[in-house]
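Which chain is which? They are A, B, C, D and E, in the order written, and residues in each are numbered from 1.
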Amino acid sequence: MSKEKLVEIKNLKQHFKTGRHSVVKAVDGLNFDIYKGETFGLVGESGCGKSTTGRTIIRLYDATDGEVLYNGENVHGKKSRDQLKKFNREMQMIFQDPYASLNPRMKVEDIIAEGMDIHGLSKDSNARKERVHELLETVGLNKEHANRYPHEFSGGQRQRIGIARALAVDPSFIIADEPISALDVSIQAQVVNLLKKLQNENGLTYLFIAHDLSMVKYISDRIGVMYFGKMVELADAEELYKHPIHPYTQSLLSAIPLPDPDYERSRERFTYDPSQHDTSEEPEFREVRPGHFVLCTTKEFEQYQREHGTGR
Amino acid sequence: GGSDESSDSADSGDSSDTEGSSEASGEQVLSLMDTADIPTMDASLATDAVAFQWLGSTTDGLYRLGENGQPEPGVAKEHEVSEDGLTWTFTLREDAVWSNGDPVTANDFVYAWQRAVNPDTGSEYGPYMMGGVIANATAVADGEVPPEELGVKAVDDYTFEVTLEKPIPYFESMTTFGTFLPMNEKFVEDKGEQYALESENLLSNGPFVMTEWSHGEGWKLEKNEDYWDAENVQLEEINVKVVKETATGVNLYDTGEVDRVNLTSEFVDQYRTSDEFSVKEEPTLFYLKMNQESDMLSNVKARQAVQMVIDRQSMIDVILNNGSVPAGGDVPGNFAKHPETEEDFREINGELVETNVEEAKKLWNEAKEEEGMDSVELEYLGGDTETALEMDAYLKDQLEQLEGLTVKVTSVPFKERIERDKNMEYDFQNAGWGPDYIDPNTFLNMWVTDGGNNHTGYSSEAYDGMIEKANNELAQEPVERFETFLEAEKLLIQEDAVLAPLYQRAQAQLWKPYVKGVMAQPMGPDYTYKYAYIEGK
Amino acid sequence: MTRYIIQRLIYLVITMILIATLTFFLMKFLPGTPLSAADKLSEEQQQVVLEKYGLDDPVPIQYFNYMVNLVQGDLGISFQFDNREVSTIIMERIGPSMQLGVQAMVIGVILGMLLGLVSAIYHNGFMDYTSTFLAVLGQSIPSFVFAGLLQFYIGVKFGWFPVALWEGWEYTVLPTASLAIFPIAIAARFMRTEMLEVMGSDYIVTARAKGVNKVGVVFKHGLRNALIPLITVLGPLAISLMTGSLVIENIFAVPGIGEQFVKAINVNDYPIIMGTTLLLSFMFIIIILVIDLLYGVIDPRIRLAEGE
Amino acid sequence: MEKLLEVKDLHVSFDTYGGEVKAVRGVNFDLNKGETLAIVGESGSGKSVTTKALMQLIPMPPGRIKQGEILFEGRDLAKMSDKQMQKIRGKEISMIFQDPMTSLNPTMKVGNQIMEGLIKHQKMSKPQARKRVVELLELVGIADAENRMKQYPHQFSGGMRQRVVVAIALACNPKLLIADEPTTALDVTIQAQILELMKDIQKKTDSATIFITHDLGVVANVADRVAVMYAGKIVEVGTVDDIFYNPKHPYTWGLLGSMPSLDSEDEELYAIPGSPPDLLNPPKGDAFAARNEYAMKIDLEQEPPMFKVSDTHYAATWLLHENAPDIDPPAAVKKRMEGMAKTSGGSEGEQR
Amino acid sequence: MENHKPNKDLFVPVDTTDTESEKITRPSLSFWQDSFIRLRKNVGAMIGLAVLVILALLAIFGPYLNDYGVYEQDLSRSKMPPKVEGLGWLGMDGTLSDVQSAATLEQAESKALMRFNNQEDFIETEVVNDGTNGEPAQVRATYDVYAAKDIQENYWFGTDGLGRDQWTRTWMGTRVSLYIAFLAAAIDMLIGVAYGGISAYYGGRVDNVMQRIIEILVGIPNLVLVILMILILEPGILSITIALAIAGWIAMARIVRGQVLKLKNQEFVLASRTLGAKDSRILQRHLIPNVLGLIIINTMFSIPSAIFFEAFLSFIGLGLPTPMASLGTLINAGFQSLQIYPHILLFPAVVISLIMIAFNVLADGLRDAFDPKMRE
């Protein structure tokens, strides 16, 4: 895997004003890079700011602070319409809710072709139709489906339509915001397999957001764990699973139920108590093991290094 | 004054039985209804029939209207007129008192009349009724001289002297009118702004005292025990309720809540056979006014065509259906009598217009030719009441029998119609007029050039001359004066076709049989309740 | 909460000022004067009368005076009732209208709710169809037609209640009934829809799973939640009562504000039109405010959200 | 063991615009005292309808119980009137619903919602009930119960609300607790807390539980026995180890295979293709046939009966028929079975 | 378990992949078709729709179905009772009848005759109460107006006070009322939708300002606003329409705003934005189509209120100028004759009630049809 940076997120902040005086710091100073061709998994409990991160990266929100560099270019500077359009083709998004993410009043063909229409990617209606059919086949549907309306599809099929829509503009980076958590178990695998297949075939880069660590671990190369708007731990998938360092990560891992009765019988759950942290100084993101970063104070850093050692 | 199908009081009555001496029995309470609240009980400010009705019932002027519309003594016992007809001296009775015990004196008249023309009062009828009648009235009203200069004087407490501008033969009947009622100076000044706004702020010297006045709901009058003629008053109480919908009124009448109701045409059919049904004639006249500055209507033939094309009888029978009669001219029937022969004005002059559609069409076509027009759209200014709307629709239909005439009906409230009338913003206008005193002059005077209510653009030297003569040279010559008026009317209606007379209004009503002795009046208060009583309830 | 109310009151004042301004200038467009016998007066004499009403000043000054007087509660004097203060005239009339309005509203909402509840409980049954039919009928027949029929049949034919006039409690029966029919219909239909919706929600199933019986479910769990949307229509209902009362008062000879308003419109009595407009607007805004506060009373979620 | 509940040949249908939706098409199962039965199966397979039918909570119309018996301690619930059911609901059987956000009445104080059942079924006085509410809230781990019970649901977080729902269900010490996806709407961490709480309480009160979910991880955590539903039928039933370590039905294979385990490698997940059948016109034969890569001709023609695998384990698939070819479960499933063999040493290991 | 002995041949694998798995079983129906199907199954709504269509057809063609003109007057034929051949049993037999009472039977009889102008040849009398039981005698007179006036042709709905054909006028009135309603609704829809849409979509300060304006407008009762507008503009179709449009769109604007606020953060809108769609595209393709259902429903509700309002305005004397007729003016005109010539009120009142009922039922049906919860 090449280690070429595709996206760099620097000190990204997204604060929402919810009242005259109250502010929700949904994302509060994120720093991480995504390499070309990899899948970066982002996990964390509900409401910790995962979706906000994704949406801010793709400019659905204007960042409160910080920058997002795509191929070295800041996405969040003021840009001309043309530059924005180019960017819109590069970066795409797959949404969480397959029911809410498709316009119920549009035919599948028009939904998929919308990006092509906006960017003028098809010469005529025939070419457009053909491309739509091609995309439908890519995601495992058939061309007969093009003339139908979303409500005629099951959740998994809908999610595949959403993927086809994102693919229509040939993006190289896709943010998948919990693309499977609204789906049935039996369907989840279909979508995950499809995403993997597309990555292999087209060399896509993913930011894969979820709260289900087992699925994320399966699909991701590297994983970031978020807690209350901050990244608390970042490591290779295997590494993170085998050596979770931050107590929150540990509790998260311990909470995931696995389809293995024996494991479950013997499972012990950790509860995370944020007050256990050392509050003497502002925590920082430090590399505890190679490629394995944890949010910690100096004191904690030393402790973690002691406990988990460097490399094995 | 100006009349509208709706703006008049709903109050009217039957005068079938007028012997005041008949024995009264049962509870002497009369229940009535009116379609509107009393706008004011301040005699200087009163302008409408409801106000004049109840002012008249509670206050005696110099004279009051009695049987057959003839003046009978009120506060004045008698009067003398000077040789030149300009100075009238009234001798007041000494037993007349206000309801607060004060005697009614000549000064009460002086005060009230001066107040009526005083510009500060803001009276509308004061300047109108007194201007040109009482010496200096117009000058006072215009603020040129102080009110004290008005030609009225209290010679002593019980002698009241009036100086007129010119001889007015009908002045006696004028003094019965609301604007000429006396006022107790001390009381009025005491109450200031509040005067006459509530029943507590009222004084009366007449047969009844207003004891309750719930605005918008109704009012109650009780017999005035201190009234100088109290022994002839039998009613103990009059209750009046404000009811706007005729249907509601009829329902109330049927359930015995009120003793009289005025009927609109729909109900006439239903009640015509009833013993309680009657028709009250009124000297109020309705006509189509034509703006002589409009296209076509400037042509006298066109106007004559309009006069002739309307089938008035059908309109009265079907739309009004209340006993109204077709109007033959500008002066109503049963209003003015020849001073010698006692013949009715209307009967002498007869029908000055006839319905003749053929002739009308001919005249209209001639007029079109003369005016060089082929078609014309004219605006018809109508009222906004139900009956008015129907009538307007009917007249539109009738008028459009004239080829090339399109009539556009605009329905506006009464006040707005008056406003437009003043600015002559109309082509046709359905208007009416009721008398302010009993003399043909009240109808004919307004059509003189620049007459206060002319607004038709009509200006005829001949006509002006006749009216002028009747009111000055002939003031003391009743017969010739009367005949001049007859001539004038012919000129006005027949030759110059200023108006298209429509009908003389009547009021269909139901009246409980046990109510007796109510007199209907041609002007001022619609009814005299002084002699009314209940019998056999 | 208090802060919220204060904020709303400030809005109220602003709204009232705007409404006053709007009506004032609208009135200036209209023809007509306080003169009732303009046909009989010379120009000068008319001028004198206009002066009395302050109508001879330039419009901006008139506006200024009007607003200044308004703040002091002075709405001017009526054109049709000489020398009478508009504020007094209106105050005299407000009582009966309020009484009718409140009675009709209370009866309308309570009866309507019951009807709606019955409908919802016996969903798709005979009772449901009957009450739905009645509701649609009540909503579809103009109130003045109802009023006329009630007056004739109940008042004249059967003599159960007084035909018209305003002399005591029994006199309010027919006008209240005529006025209440529309609110009954609206409330019934709304209640039905909402109740059905609420009855399908999860917490109702939870309540039933607890073993609460049908009546308990409907009244303890359903009603309050179904009321929230119903409250929303109370505002429009209040308007419909106002609309209704204009004609109902005429028909039943009730000395109310609506009847007077219609009269004022018919005779161009602008001070009364303006005064009544302001009053109606004021009452209406208050109603909306009360309704908004009611939301909070009924729905604790809103209470908290606005409390902050 | 004593049988608490026995469901026999239950059929439930809904009459809709489109026609009759046969949501439950002949379900049989039983439940012993103190036992936890998990019902799994994908969305729309009829899990909720089955359990709602037990309590007669199906909206009628459009729903109706077409046939079948629901024997609860020998009494047939299917034939009971609403009045009789009211005495059973909440007292002997209670229910926890999926969504803590919507299953509490937003306009009623939390305490009152818990109290309702107590007053109704336990005939407690208000002060007594209040005391019990405090106990219950503390039992489900809500601190400061005295004050909390006076608050409204929206003042609680999702996890706390779900605890309240649990408290309501537990209020009258029911003999049977039905939990319909009680944790689906929750975060994994909170889910784990609630699951632990429920297990704890069940242990304390010795009640039987029917636990509905489609998350096999949760099943592994809570269940003693598992019933797998597909298209309105139970297609496989067995102890938790039977189902996880020796699944026989291809649908169960699919379910198990589609979940990655934390140590699975990069290979493709085993996915069930297609989507579930339309219950308006259920297909002839085996409803799963269309998605079954091991489908045989007979699957398209005849419905498979329940084949016995062991005393505790049954599955409805023609693959268990003697004439059927031997077929290996997919690799992913096999691996799981092997994992099992590693730890507990036998694929048909008995439950406790 | 029952022992099955199926044929061995059946135990052969078949290839099911792809053939069946992605098949969609339901027919391909657009949202609108789907809604329409549901609507079609709603008997009430369909009856409502049918009634509306019939009424609209009658409004269009009704006036031409007989020979009378709208404005054609004939005072000699005023207030004719309705007469339809074959519908005599419904009271539409062209006769008027009335009960007169008096002390004696003779008096009552003569009064009964007098009631219809003593046209004895055409009056049939019938004794209701002969007066012997102490109560006044009562005689019912039935008067055959058509025969008396020698009128051959029938007036199906009778005539009004000016002898105009009520049938023709009722349908002309329906025309006007429907016109007013539809036009008002259309303007209301345009302004309301645009206002609400813009306010919600652009949000922030724009929304803030626009909402403050609405708040103030909400404070003025519609009724008052409308009356003021009508006072300024002359009464007439145009001013009623304008007045209704001024006051009526607020509800719509609020509904649309609420809806758009909800929709604009829906993921399908976000998706479109990530594809680089312009505002206009999002509004046209995504937002409006999704609010349309609600817009239609709300319009269905505002139509009857417009009709009602016109009737109400007519009743307080601010309706259409004569001789134009709307149902409102006809009802108002007929109201006075309610007791004696009920037919003048009856037909327009029935038509207006039918329209209201039809729209209400249809709106209810639409609400159900468009309700996503009802979607299967």
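List of remarks:
Here is the rule we go by: contacts are C-beta pairs under 8 Å (C-beta built on N, C-alpha and C of every residue); 3 or more make two chains touch, one makes a residue touch a chain.
Predicted model, so just to flag it, every value in this text is computed and none were measured.
Looking at chain C and chain E, the chains that touch each of them are B, D. Shared contact partners of chain B and chain C are E.
Chains B-C form the pair joined by the most contacting C-beta pairs. Compared with chain A, the chain whose C-alpha mean position is the greatest distance off is B. Inter-chain centre distance (chain A to chain B, centres taken as mean C-alpha positions): 91 Å. Centre-to-centre, using mean CA coordinates, chain D is 51 Å away from chain E.
Centre-to-centre spacing of chain A and chain D amounts to 32 Å, using the average Cα coordinate of each chain.
Along chain B, residues 247, 384, 413 each make contact with two or more other chains. Within chain E, contacts with two or more other chains are made by residues 22, 26, 317, 335, 338-339. In chain A, the positions touching at least two other chains are 157. Chain pairs that touch one another: A-D, A-E, B-C, B-E, C-D, C-E, D-E.
Chain C meets chain B in the complex at residues 31-33, 35-42, 44-45, 48-49, 52, 80-84, 89, 92-93, 148, 151-152, 155-156, 159, 162-166, 250-253, 255-256, 259-260, 263, 265-268. Against chain E, the residues of chain A that register as touching in their complex are 55, 58-60, 84-85, 88-89, 91-93, 95-97, 100-107, 111, 114-115, 118-119, 140-142, 145, 147-149, 151-153, 157, 162, 165, 169. Listed in rising order, the residues of chain C touching chain D in the complex are 124, 200-203, 205-214, 220-221, 224-225, 228, 298-301, 304. Across the complex, chain A is touched by residues 42-43, 187-189, 191-193, 195-196, 214-221, 223, 240-241, 244-245, 254-262, 264, 268-273, 275-276, 336, 339-340, 343-344 of chain D. The residues of chain E lying in touch with chain A in their complex are 22, 24, 26, 28-31, 34, 266-268, 270-277, 281, 285-286, 289-290, 292, 375.
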